[in-house]
Amino acid sequence: MLETKRKEKSILTFPADREIALETNNLQVYYGDNHAMQDASLQFPRYSITALIGASGSGKSTYLRSLNRMNDGIARVDGEIMYRGLDVNADEVDIYQMRRRIGMVFQRPNPFAKSIYNNISFPLREMGIKDKSKIDGIVESSLKQAALWDEVKDDLKRSALALSGGQQQRLCIARSLAMSPDILLMDEPASALDPISTHKLEMTLNDLKEQYTIIIVTHSMEQASRLSDYTAFMHMGKIVEFDTTENIFTNPAVKLTEDYVSGNFG
Amino acid sequence: MNAKRVDKIATAVIYLLVGIVILILVALLGFILITGLPHVTWSFLTSPASAFNAGGGIGDQLFNSFYLLFLTLLISFPISLGAGIYLAEYAKKNRVTEAIRITIEVLSSLPSVVVGLFGFLLFVVQFKLGFSIISGAIALTFFNLPLLTRNIENSLNGVSNLQREAGLSLGLSRWKTVTKVVVPAALPGIITGIILSAGRVFGEAAALIFTAGQSAPVLNYANWNPFSGDSPLNIFRPAETLAVHIWKINTEGIMPDASQVSAGASAVLIIAVLVFNLGARWAGNYVYRRITASK
Amino acid sequence: MDAVKKELTRKSKASRQDQRGKLISLACVTLIMLVVLSILYMITSKGLATFFENKMSIVDFFTKQVWNPSAKPQALVGALPMIVGSFSVTVLSALLAAPFAIATAIFMVDIAGKRGRKILQPVIELLVGIPSVVYGFIGLTVVVPFTRTVFGGTGFGILSGTFVLFVMVLPTVTSMYVDSLKAVPQFYREASLALGATRWQTIYKVIIRASIPGLLTAIIFGMARAFGEALAVQMVIGNASILPSDLVSPASTLTSVLTTGIGNTVLGTLPNNALWSLALVLLLMSLVFNLLTRFIGKKGAF
């Protein structure tokens, strides 16, 4: 036991028959001279929830945001982000097509200043779906998936900004789901929500992993342990440990991880 | 003298100066409204001006002012919107952008008479458009562009970055994100800016004297064919606006009631500016409430 | 799997949209740049024609007192009277407006409560928006007779011009200075008052000191407006292109000669070119004012 705890780094890899939705190899992210993410190599198995945990400034949001290139123009990225056999940062990859497949939900709910219905239908129409009944169907199914349908089905014409924070966040999730992505990146989606909304959101995510691969940055270790199948612990721009959530929280291989999950720092 | 005495004296001086300023403001507005308003009647607002006799109105001038304003906004809004979008959304922080900003600021600091003279040289003389509404509208556009561009840029910058990220993360292009998400969210500020700029354009005269001209040909309000000579909509006819009219009858007017007409016209201009100012505030708030769905 | 790969590497509608959008917005900016550059170019080339085509002396232009570009056989283009006139009304009106603007701005930010500001703010904004011809009209019907009665002369002249411009720049300077006073952090005031300073000591030693760059910018902005103002000044200054010997006899400014003269001269002739030279001086001065505010803005905090 003591032997293993002297490890500095422990990264789980998957057998070849496990389907990987997204993986990064030696990913580096720089903000100017600041090397914000170093040598990040992770695999995200399909139809699972992976939590990224770590103290503020550990680089978890930076890492997440580079996965669908939301850091373009802000940060410089080196290394590989492999999705469906393509490097997300390669010139041949169309960034807009890629982002439709790798969606993102942000820390603070950011619905458009439009009606609930239009929040979902507008990006669909921009995508080229013109058929009204098809759009109606997607609006309904994505709102149902995000567990918001029952609360808003009677006034879809209402401004999205009139919804509560928790409802707005679920609308944002529905909006991302409507694009039928493969992967959903979530950057502390519950941090601006009250406990009841958070609970609803977590139930929603639990249902979603049947069909989506979810990568979620979270501040709350309880949330990570309740929700995720795998957990990566990051510290000062490095991935310290990646394993099943159970292992991370009950039997971490690295001392630093143990200190963090047991609340000794962070 | 101790500090408390000085404090009292200084406060008294400030009150005195502010009192004088308020007195001037009240006298100014009072003078225009009291001497002007009695003259403002329906027939004054609708009948054509008279060159030599008393009793002329400002009907054509009023129409010209609004028509010119409309055309100016029609030309300047899309250009300013594009330029504002470029500066707020696409421009990188570098020397080129800095140079662009300085140039736009230079345009806004040019005296309007210089802008008018340039319009005269380029459109009236070079392009042979003569004194015409279109020359005037373009001159006013030059004068309006920098202010409107800055206003739109500021309004766009005021929109939270979360909105842009929302659009981009859905795979929308930056252009669509800006035009369909950011611009609508910035609309309250943009509308306020447009209406305020409309007030300025409406009262501008120096840029128009040598572009839209100083004569108001007889208009036939039954003729709405924009290509016909006496149609009010014809953009190639000269058009004296209300502000130019006030200037003209005061500098070379020979009509006996020049000062009454000026007072009436000034009152109309002031009220128009007032309406534009209040309207800007109201419209901005209204759109804001519509967008945010707050009561 | 392959179909997805294909889709991912195909250039999307969105990426074409983005290129087009960037192009459109860049075109708008370029158009504005072109306008500015052509204004600068055309006025400069026209303005210099007096000296290069008509071979008039630049030194004479700035130092001689007689303006008679159509005189035969020797045209006289001494712009000194107009330059002096323009600078006189500008400086005098700024000097007159500054104390009033400072007092009003301080009153609005640091003395009057919220209610006082709520009343004054819209009034000041309204005054900024009043068209200059209206100021000119009031100048003609109120200020000129007033000057004539009180100070003698015809009433037309630099003094009337100063009064009119004073009222015109006052709201501009005030509202700009209000903004920079508001930018002085509240803890400056609290710290000073907590040290036992009186209100005036706080205003004079702390707030005004801290906001001097803002005040200068506001005054220069007002001066730029006064220098470039055409019609209001032209209506009250008397339009005599002679060097003013006092403040109550008719004089002229660059703008007043331009507005009266440009319609009465033939394009391409010396009398016309000489007017463009005046426009060039006007343009250069507005650039100087612009540079000054930029320079101050770089140095100052508020």
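Each chain gets a letter, A, B and C, in the order it is written, and its residues are counted from 1.
FYI, a contact is a pair of C-beta atoms (placed from the backbone, for glycine too) under 8 Å apart; a residue touches a chain by one contact, two chains touch by 3 or more.
Bear in mind that the values here come from a model prediction, so they are computed numbers and not experimental data.
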* Structure fact -> Taking each chain's centre as the mean of its CA atoms, the one lying farthest from the centre of subunit C is chain A
* Select, from A-C and A-B, the pair of chains that is joined by more C-beta pairs in contact. => A-B
* Structure fact -> Using C-alpha atoms only, the most centrally placed chain is B
* To do: Would you kindly tell me how far, in whole Å, the mean C-alpha position of subunit C lies from that of subunit B?
  => 17
* Asked: CA centre of subunit A versus CA centre of subunit C: separation in Å?
  -> 54
* Structure fact -> Rounded to the nearest Å, the gap separating the Cα centres of subunit A and subunit B is 49
* Asked: Among the residues of subunit C, which ones contact at least 2 other chains?
  -> 12, 14-15
* Sites on subunit A at which at least two other chains make contact -> 96-98, 126
* Which subunit B residues reach two or more other chains? -> 171-173, 176
* **Residues on subunit B engaged by subunit C in the complex (per definition of touch)** => 3-4, 6-7, 10-11, 13-15, 17-18, 20-22, 24-25, 28-29, 31-32, 78-83, 85-87, 89-90, 100, 102-107, 109-115, 117-118, 120-122, 125, 142, 145-146, 149, 171-176, 178-179, 196, 199-200, 202-206, 209-210, 243-244, 246-247, 250-251, 259, 262-263, 266, 269-270, 273-274, 276-277
* What part of subunit C is in contact with subunit B in the complex they form? -> 12, 14-15, 17-18, 20-22, 24-29, 31-33, 35-40, 42-43, 46, 99-100, 103-104, 106-107, 111, 120, 122-123, 125-127, 129-134, 136-138, 140-142, 167, 170, 174, 197-201, 203-204, 224, 227-231, 234-235, 255, 258-259, 262-263, 267, 276, 279, 282-283, 286-287, 289-290, 294
* **Complex contacts: residues of subunit C adjacent to subunit A** => 1, 4-5, 7-15
* What residues on subunit A touch subunit B, complex-wise? -> 68, 70, 96-100, 103-104, 106, 108, 110-114, 122-123, 126-127, 158-159, 161-162, 172, 175-176, 179
* Structure fact -> subunit A contacts subunit C in the complex at 83-86, 92-98, 101, 126, 128
